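Right, I'll just put the structure down here and ask away after.
In this document, chain identifiers A, B, C and D correspond to the written order of the chains, with residue numbering beginning at 1 in each.
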Amino acid sequence: MDDALERIAASTEVLHAERRIVRFQEVDAAGIVFYARVFDYFHDVYVAFLRARGAPLEAALREGTWVAPLRRAEAEYLRPLRFGEEIAVAIVAVELEETEYAVDYRIDVDGEPACVGRSRHVAVDPERFRRTPIPDVLRRALEGGAGRGAPTPGES
Amino acid sequence: MDDALERIAASTEVLHAERRIVRFQEVDAAGIVFYARVFDYFHDVYVAFLRARGAPLEAALREGTWVAPLRRAEAEYLRPLRFGEEIAVAIVAVELEETEYAVDYRIDVDGEPACVGRSRHVAVDPERFRRTPIPDVLRRALEGGAGRGAPTPGES
Amino acid sequence: MDDALERIAASTEVLHAERRIVRFQEVDAAGIVFYARVFDYFHDVYVAFLRARGAPLEAALREGTWVAPLRRAEAEYLRPLRFGEEIAVAIVAVELEETEYAVDYRIDVDGEPACVGRSRHVAVDPERFRRTPIPDVLRRALEGGAGRGAPTPGES
Amino acid sequence: MDDALERIAASTEVLHAERRIVRFQEVDAAGIVFYARVFDYFHDVYVAFLRARGAPLEAALREGTWVAPLRRAEAEYLRPLRFGEEIAVAIVAVELEETEYAVDYRIDVDGEPACVGRSRHVAVDPERFRRTPIPDVLRRALEGGAGRGAPTPGES
């Protein structure tokens, strides 16, 4: 595991978390969750996080205010997940730059990390799809979760 | 099995067909293809059929010429499908009315029907989403495949 | 809409229900929920229902006690669903026979039906995959939800 | 882009490749392919590659000969993919160690890289799920594709 993912596994901070139960159809022919599905889990908690922070993605798309497609995604698998298991999917950190940001995720089972990951997004102009500074409404939402100070307790 | 699906299972006509191999991730925790995935198979061959008939859905969406969402879908499962099996997914009939049409599907394994189904679509105005006569470009494409005369040989 | 689905749309009984928000990735290139995804919704509430009734599918699979694959599935679409919409997915009826059972589903948005459907399952021997009477543990769970008497209040 | 992914984007070697057309339902609410779906594409070509090399995953699972779950996955997105686009998904390199291996992927559109990625797998004992040397049948299949000598011409 590289250093960044090591940090995510060890992080005690949680900016947003959701409990879910592994679905019947998320398992593959080997009997464990198909590896790509954890990226669906990551994205679901990212969407819920934005909604909780007052910058819902559905509104941004409808109104054409911002769009921030992925430039990079990665995950490290620490143990397999099985149908019916209860998991907690959390955002543990957000890192903001001028035109990009990274979101760190962790999936826990019984309080132990089962998977960690990171997505890196680029803010682009919704019309020309060119790189642009992160719009204020999005920056504020992400920053609200990226405070250096007291850990934010928010879970849902 | 109701009469309509019985006819689909017994049909010798094939308007369009595609071979595919059941994917690793289409299987569920019971070890067979998840039942909803056959509707993905149906839609894939429907999209390929429209493309082959000169009325690609991607162009219709891009240009806003027509849209025909589903009003109804059904499938009957005759035998389970497993990871790695080669299947043939076919459109065996199209039935046109003024504002609606139905498409009949069959999935064969080794020449035996494993699943049959039907989708029923309504032509709607792309802007107001109100029922409208099937646009000419779409009607011609579907009719090309719905001729009562000589059977169209299967394509792959 | 055929009579059975008409009844489902009008039903006031709810045996089990779950609230969920339409996911970003459940939408298709036409901008509405891909038609096959409602069958995923149906199955999710079916799995939750079995769990709530004390006959979890995950335990049945693990222990090889019972398996009841689908023989038939159908859905009728009354209005499109969009990313970010909150929906209620409910089981409104279960119908038991000797070796088969049917489950009726309804998806509501703001208290109005957006989709109705039905799945028909066959109990089969886990080893030989041959039709068998519905096992007691499964029958009791399904019957608990199929009572003719007082309506069971919806759970979430 | 980190160095490894930079190399994948620039690689002229192709060990195995498949053409496919982006599906209607692989697109998300933002109108481009959902980021997690490229991992489905990667896995599909990996499965096809193993099949072509004489070590089909479906046989390994059926016979319990080997299993090699993912330890890590990553992707870098260079341009969005849209419904109806024809893409080529290729395996461009395989790297073998004692108990692990990495597979490098590239998705091209019109001969230009649109996405690159890597999966890292660990050979485990099918029964106890403990790390084990890569079994011979799997090593031979992967090595056949990892030759340092003459470049293997792409297959489709």
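Everything that follows uses one rule, which is that a residue touches a chain if its C-beta (ideal position, glycine included) is under 8 Å from a C-beta of that chain, and two chains touch if they have at least 3 such contacts.
Because the structure is a prediction, the values reported are computed rather than measured.
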{"item": "Selected from A-D, B-D or A-B, interface repeating A-C by over half of its contact pairs", "value": "B-D"}
{"item": "Chain pair showing more contacts of the two, B-C and C-D", "value": "B-C"}
{"item": "From chain C, the most remote chain by mean C-alpha position", "value": "D"}
{"item": "Separation of mean Cα positions, chain D and chain C [Å, integer]", "value": "36"}
{"item": "Chain centre separation (chain B, chain D; CA means) in Å", "value": "30"}
{"item": "Mean-CA-position distance for chain C and chain B (Å)", "value": "24"}
{"item": "Contacts with two or more other chains, residues of chain D listed in rising order", "value": "24-25, 29-30, 34, 36, 40, 43, 57-58, 61, 82-83"}
{"item": "Chain D contact footprint on chain C (complex, rising order)", "value": "24-25, 27-31, 34, 36, 83"}
{"item": "In the complex with chain C, residue positions of chain A that touch it", "value": "23-25, 40, 43-44, 47, 51, 56-59, 61, 82-84"}
{"item": "Residues of chain A defined as touching chain D within the complex", "value": "1, 29-30, 32, 34-37, 39-40, 43, 57-58, 61, 67, 69-77, 80, 119, 129"}
